[in-house]
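The two complexes that follow have chain A in common; it is paired with chain B in the first and with chain C in the second.
For the complex of A and B:
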């Protein structure tokens, strides 16, 4: 009797949830592996605290794949309601008015806008209108192996601050076997070639005082001496033997995890994963600077699609606002390493508790003032692949740095020109 | 008059029988095909409205260096996979033909296993074998005292590697597939051999023993029997495999996407379908990608017609 009562009760509860959850929202995201549990936890907490809204979170592959799927979804008129988009991909959809302009909601709560970190906020504003809320923002940090630093007689609490220091340390951290083979490399500045291609190379150009595009995005400037200089410097790390010239990015990360590479640039979004999974002591530091101190600002944002009903829009707004509130952005930061997006979170007492637990999370926050968003436009994915191929040609010694970037700039200019005529 | 009506009624029946299949094929093959053909004359990014550009996509493709490079890499793949798959398939079929041998069934299963393995799983397995740091291939090389090889990140063609010893630089077309491409070719061969083996086994079993008996009476050696009886009578199987493998090899994509998602070192594993996929689903140049697809289709069609015209004559049908 007792049991059947219980079953009836649960069924009723179940039915009730569905009856009251009158707004059902589909949320597409790109958070795999270690970030997914944290995201799922946030979503389920939202659902339990908001009985009238039910959010269904679905993983859709990496950022680039999400773009493809969303484009296809628009064609088949089977779109989600909320989508996590890389801040660099927002333009692909705002160009055709497929994302909801959030101005109306923002003006309802004026304090909200000013609480977002200014440089993050700028990344979601296109032609003066906000189209998303910054959610998982990261910057590129220098990851290093403290154990290897100690073994090489270096102070593990003094990471390199300039390119020169980095080169000197990398030399000390490079270890050769008696037969002359290198068994440990000091540095691997790997650059990704698929999702978020060219990401790790951009700060090198900026640090060398260069630019990738002119300010109106009509001309590619990688053929200028500053960018070419950065490429030459990058190449010299392979030539000097302090970097492995023959590894793919995946193999390089693998080698870094195995303690065969001492330093390398990685996204702050992976700090917690690294802390939980690396058998050795991880150090995280600001990227070493050269002529300028700068790092890349990347990551994702939460956007609402423009083709949903006003009722759903309200609910979706409630959701993305909730996901980025002070408490949740701190939870997200602690469990992934993605930066807190709210000023109130950065100034909170809780963040100090997080730093006490995971001191490696702190440098990423300190890097915020130096983080620069990546240049974007509609054809950015193709352009980045061209730039990535150029530096690969240099690494494989097929072209000189001058020629590689000159050819690439020409190709990119052609795409930009076609874009202007569209 | 009556016979005509009967004929009509009969054909109605026939049409009704084929209609389910015809419907499915129309919806999933012919309609997309026609739609793609129309789109290949437009520029379209999947979001904005398509713009008619005439033959521009086709001329851009034919003038593009990347397109022809992809064609070249596809040829390397086909030329690498095809002969080895056929030769090894025949070799294993000859070994496994004897039904009286113990455990033939088990061996047949073992050789057929790679065929039913998902190409994705196989590609991931190969990635582990040839990984730079932890791969078995490099581990074995180190065990025998030689240098580890960066299998998945060497863009140099293997013929060029050989000629490097004599300081000769070959023209691009003759440099051969890159080492990374060779690993992918190896995977292709590994997956094809089982299929070829099974087809050849069936072919071998249909050859009547009387030919061999007659040859024995004439005093033919084993080699002569193979060369003058087995091989010619297997030619229908060979012809079938040739066509199937050429079509499948031109369309290789899965292993490439898994093993070298960025297109391999210096794009040397970017075969034509990979190139097409990138243009369509990474760069959203849909119209251009469809033009490339039709160029590829035209190419495969020409090749197949050529094979039927010129090679089929040499096939011995019993």
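For the complex of A and C:
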């Protein structure tokens, strides 16, 4: 009896919470594992400070899975109200006007737009209209094992600044057993093949002075000498034995975590995870440069669906604006490593206090001027998988770098051509 | 290129400390619903016109976080003419928590009494532990603060009236009735290091002795890190010395040093060393014992009556999530099973194999909204069950 009363009481309390909240919003996101508690804390704080709005945050898988689920949700007319989308996936939904144009809200608070970091803001503007607010923006950084650097006689506070330095250090950091077997590799430049495919390879092309597409995104340029040169250089790291050729990205990350690989590129969004879990001292630095100093900008944004009621639109705007305010973007930065999206945050006292606690978070902020957004397109997921498959063919010695990128460029051009004819 | 130069200028601005020469002329406190503003100002160590110093402000933030009053502290500076206003936004923690402890009993703890940052505890114990043939009764209350009103001064006032009865060997039908009053003051030398000097008066009646009146003065020096977040390794220690005077003269002392190290992921070990020394004719209520709920577990608390005792304890913990997966962050850790081997050395003269007392324990830390609940089971000489709520 007592138990039944308790269950009824809790149910009533739960129902009452929803009843008193005038607007209930469903928020789909892609933040799993260690990022989820930080996101949940923000959502919970929003709910407690906004009694008229109740946001229900639901994890819907990684970015690519969210795209698939959202497409299905539109077909079944069962969409969420707010969605966290990879900045490169926004175009997939703006093409059919499925995301709300935020111009009206932005014009109501003119200071808001100017406070977002310019390069981040550009990632959410399509044909002159903002369709989201930048939320979890990251850039690719060089993660390295300070303990292994010290063991190899290298200065753990002087990470490589150029490709040449990186190759030289990687050679020193590669350790062989007496039987000749490599027991520690100096470098692993792993490239993602699933979610965010080809992400880690893009800066190599740019650093070598190349381009992936022409400026109008009508032609793929990976068959050009600079891109092919980057692929050749990448292949040489396997050929020289300073990088393991037979590891997937996940295996490489595991080996890096276990101290069997000394350095590699990883997203700044993983810095806090690394600090909380690695069994050795982590160093974070800007990606080594070659002909140019560049890194890749990636990450997600918060968008509002266009098919929701005006009342919900107002509430959803309040939510995404709150999630990206100076205080919350700094909380998110400190607890994940995703970059603060507001200029006021970059110039704040709090960010300096965060650097005191976690100095490894600072280089990612210093890399912002060099961070280039990834090229975007309606069919970008398919295109990236073609490019990823090309480099995999080189890694597995199925094709030469020239042939792999030539074939890939042809395939991508076909897609771009079809797109243009629509 | 122009863009890069402008970004570099911004970064340079951040790096070279634009705040270095300016002063903080005021502080705005936001988000405090219970804690008084002056307490927070004292915790920050604010003095009008203080220079903006990142190291000092970082320490102030750490002190605010380690005060136990706040779950989040956010600091910002607002420019005003040539100076700054420091804006401190705090999120207060739930200030009330339950006490569930075999020694103290069941009670309640409020760590922000009247918004003054003072911790108060009231507890009552009335346990008739028939399987262990022990009765524990009485009550206690205390007021204390590591940083009184936010200042570096500490204080402690405590009173307890405790009764305990055994009706098993070797303490068959032995009981005591103890009233204890303690008052102490101290000082925090910096963020981590502090000391407290206390006076204790006890009146003890037992079934075998006449009433004793004990007066003692003690010194406790402690060093606890104010900021452990993100650190793989850190240490903490405390040193306790007590001298009985007036009727009963004695000296007891204890040292406790700990090392925490995160091995990989959230898996950790904690190494603890505890040493105790009893000199003179210390009454049994003031003597430092091994066993029971403290230190060496799995043995009777009064089994060892030695001048010197040393204990080594290791705790190896594997934090798990709510779905029993390996935890990837402290926030995701809900259950932490611990393996706890202990080895004690009792006495220092004529050390034989008998002088070493091993014990092995298994425990699980459970994170609940009210605190950490920690049941443990140990096997030393006998099986012992223990639980604590922190």
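Going forward, the second predicted complex is superposed on the first by the 405 of 422 C-alpha atoms of A that agree within 3 Å, B and C clash if a C-alpha of one lies under 4 Å from a C-alpha of the other, contacts with A are read in each partner's own complex, and residues count from 1 in each chain.
The definition used in the following text is that contacts are C-beta pairs under 8 Å (C-beta built on N, C-alpha and C of every residue); 3 or more make two chains touch, one makes a residue touch a chain.
These figures come from a predicted structure and were not determined experimentally.
Asker: Kindly classify A:275 by the partners it touches after superposition: chain B alone (first), chain C alone (second), both, or neither?
Answerer: After superposing on A, A:275 lies in contact with chain C but is clear of chain B.
Asker: Looking at A:331, would you say it contacts chain B, chain C, both, or neither? Reply first, second, both or neither.
Answerer: Touch partner of A:331: chain C, not chain B.
Asker: Which holds for A:349: it touches chain B only (first), chain C only (second), both, or neither?
Answerer: Touch partner of A:349: chain C, not chain B.
Asker: Taking the superposition on A as described, I'd like to know which of chain B and chain C A:357 touches: first, second, both or neither.
Answerer: After superposing on A, A:357 lies in contact with chain C but is clear of chain B.
Asker: Taking the superposition on A as described, I'd like to know which of chain B and chain C A:393 touches: first, second, both or neither.
Answerer: first
Asker: Applying the touch criterion given at the start, work out whether A:37 contacts chain B, chain C, both or neither, answering first, second, both or neither.
Answerer: second
Asker: Could you tell me which stretches of chain A are touched by chain B in one complex and by chain C in the other?
Answerer: none
Asker: So in the complex, which bits of chain C are touching chain A?
Answerer: Against chain A, the touching part of chain C is residues 3-4, 7-8, 10-11, 13-14, 19, 52, 54-55, 57-58, 61, 72, 74-77, 86, 89, 91, 227, 229-230, 232, 262-266, 328-332.
Asker: Please name which positions on chain A make contact with chain C in the complex.
Answerer: Answer in residue numbers: 33-34, 36-38, 41, 45, 118-119, 257, 272-273, 275-279, 281, 326-327, 330-331, 343, 346-353, 356-358, 365-366, 368-370.
Asker: Across the complex, what residues on chain A touch chain B?
Answerer: So the residues of chain A touching chain B come out as 64, 68, 71-72, 74-75, 92-93, 95-96, 98, 181, 192-194, 197, 246-248, 251, 254-255, 258, 260, 378-379, 381-382, 385, 388-389, 392-393, 396, 398, 422.
Asker: Within the complex, which stretch of chain B touches chain A?
Answerer: 45-48, 51, 131-134, 147, 150, 152-155, 261-263, 265-267, 278, 281-285
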